[in-house]
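Next, two complexes with subunit A in common: one pairs it with subunit B, the other with subunit C.
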Partner chain A sequence: TAGNRIFHFGHCRVSMSMTEIRLGFTAIKANIQARDPVRTVSILSHPHSLHKFKSSDRCCIAHHLFNFYVDKVFKHCKTEDSYINRKISSIANSFLSMKRKLRQCHEQNKCMCGEESTEKFKQILANYDGLNVTSAAMKSLGELDILLDWME
Partner chain B sequence: EDALLPAPQNISILSINMKHFLSWSPVIIQGETVRYSVEFQGEYERDYVNESWIPICECSLTTATVCNITEDISATVAYNLRVRADIGTRRSEWGTLKGFFNRITTSLTPPLMKVIADGYHLLVELEDMGPAFQFCVFYWKKGQESRVQQKVVKEASSVVHLDTMEAGPDYCVKAQTYVEAINRSSSFSQTQCVRAQGGTSMCL
Partner chain C sequence: SGVLCCSLPSPRNVHFESINMKNVLHWSPPEGTGHGVLYKVKYLVYGVGKWIRKPECRNINRTWCDLSSETSDYEDQYYASVKAFLNGMCSDWIETTRFNPLTDTKIDPPMVSVSSTEKSISVILTAPEKWKRSPEGESISLLQVYPGLQYNVSVLNKKTKKRWWFSISNNTLVVPRLEPGTPYCVSAQIRVTTPLLHSALSKEYCIVTLKDKTA
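Entry: the complex of A and B
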């Protein structure tokens, strides 16, 4: 179905369409994950699964993660394959659209982050910075379904 | 040195029911076959990737003067689009669409609809318009316009059962599409009325 849903991140309610992102990611997932040589490390799930974050911090984590993907990940995922690049563009522009919606909650102070979650998000950034930028970006993109599953 | 090819002109978008087409006027060079290439740039590319452009390979070095860009316009953000012409090694400047294109401006037409009285069952068949579309179907007993019922149809793949009719009165149906990705609806289809036992009358 069209897949636009109301997402509840604590006090923040945001209408988002995940279907197109899912379709775009599914189309390139195998290709992207095949480019990730370092299978023993995870960006999003090490050492804490996203599901371990407190629900009251969901909005803040989602806000941080959208910014993370838009600011740090997608731009470093250019490939030699035009089809892959077009799908990444599609996902990136959809993320940009959603990031804007989440920012509204952030501006209305519905997106507060607890200390624990802030530390956990720093761990994600540390995981990312622990690899060279292209590997880290490709790995993060390959883990997008972890974020999508957590959101849904 | 070869004269520079003129850039394609009259670049425009035709967007109906979330299908988006870029078109332009042909560049006419006597005795030559002109080919065209199309590129797009989303808001992300503009703001985060140094205003980079992405080629649409289905519309690279094509002789057509229209390009289906639906697959690439897959976010509700502002897109830039451009086209250039090629003849062998000769190449034009880019012709760029005036203004941005955002799919939120697509034209939504009422759905094709067929209302069926199958004995006492009120059924409706809706046109399959693609995964982005849902349908709001309204139905009521003729003369009881204040008691309209509504059914949301998420997928138009099969006939939809609306109600079980009483013998005698006409039952009327109208529908509109709804696109969640842009949060917009079409206008209503024409109302169609049927009667149980296969009696059909068309409402104007």
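Entry: the complex of A and C
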């Protein structure tokens, strides 16, 4: 599809249509972020910025984050706006395919996590669990550009 | 007792205007207020627990505030907020939407330098620099910020009005097999595929290919 690019996560290579995901998110960003009133808490960027993870752990972090978004975020982000919902499900489908592609590589043990990154990912889950599910999911969705910026 | 009641209408259209990551907060005065309105500004790093006042933008009467220094880390995202004061009254704080310097900045066109031989033109392109605190500060090209940065280059034969478009990733282009003694004009644009950003087209830089000595 348009804008497909090969992303290197350690030994794993995943082709992704980043342009499509970006366009989808840009279309809903203002709406989704406006539903998140909590300015002082972030799921992905504090206290640990994704950019501070070890590059050797990129693959495992990507694997965990794709699972996180597919299993804990998209399914809890229903809105009253069908246009927004369609955009969310399109992004979710892209993530589902990325999750599958990365899982194959993960199962070949080429995508291991160091202890430090495992701890940091636990912090992301703790940030998520610190809010009620709908708020946490909506905040995570509103932070998708933080993940996309890190991936690129 | 000096307690200000917040019954003043709020500033409007509070937003960041960003060019090459020079990030300036702008707003419009509250509805129906003339002169004499003063403003205060604060900002927050998204996900970090506290709002921070901007001293240089305290009790100002202008309707902008340069927050480039405070928002220079483009791995973070930000909010900013403005409050208005007039005759002992004040407004509520009014916030921006979440500002992501990486995706929400505008990029200037590239600098273009052109040279020619009899039958070719050489074009060298330079991407703009990211805003920096002071002229002595470290220069960071936007090429470093956006590794996927590309250039679209237009070359126009002024005589025949024929135009070519080139899309290149590196910053030099040589256009061969041109007409000697002919005026050509070059303009260029920056394009970043993800996040999706593109500059305006630069102005035209024109040059005449050398005359054919054998003719």
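Here are some notes:
Please note the rule applied: the second predicted complex is superposed on the first by the 151 of 152 C-alpha atoms of A that agree within 3 Å, B and C clash if a C-alpha of one lies under 4 Å from a C-alpha of the other, contacts with A are read in each partner's own complex, and residues count from 1 in each chain.
To be clear about the criterion, contacts are C-beta pairs under 8 Å (C-beta built on N, C-alpha and C of every residue); 3 or more make two chains touch, one makes a residue touch a chain.
Bear in mind the structure is a predicted one, so any value in this text is a computation, not a measurement.
With the C-alpha superposition on subunit A as described, subunit C and subunit B fit side by side in the combined arrangement. Judged by the touch definition given at the top, the superposed model places A:30 against subunit C, while subunit B stays out of reach. In the superposed pair of complexes, A:89 makes contact with subunit B only, with no contact to subunit C. In the superposition on chain A, A:149 contacts subunit C only, with no contact to subunit B. Panel annotation: after superposition on the shared chain A, the angle at the CA centre of subunit A between subunit B and subunit C (CA centres) reads 80 degrees, nearest 10.
By the touch criterion stated above, A:130 is placed in contact with neither subunit B nor subunit C.
By the touch criterion defined above, A:19 lies against subunit B and subunit C together after alignment on the C-alpha atoms of chain A. With both structures placed on the common chain, the touch criterion links A:74 to subunit B but leaves subunit C unconnected.
Minimum Cα-Cα distance between subunit B and subunit C in the superposed model: 6 Å. The contact surfaces that subunit B and subunit C form on subunit A in the two complexes overlap at residues 3, 19. Across the complex, subunit B is touched by residues 1-4, 15, 17, 19-20, 24, 70-71, 74-75, 82-83, 85-86, 89-90, 92-97 of subunit A. Contacts from subunit C toward subunit A in the complex involve residues 44, 46-50, 75-77, 79, 97-98, 100, 102-103, 147-148, 193-196. By the touch criterion stated above, subunit B contacts subunit A in their complex at residues 40, 42-45, 47-49, 54-57, 71-72, 74-77, 131-134, 154-155, 179-181, 183. Within the complex formed with subunit C, the subunit A residues making contact are 3, 5, 18-19, 22-23, 26, 30, 33-34, 39-42, 45-46, 49, 51, 142, 145-146, 148-149, 152.
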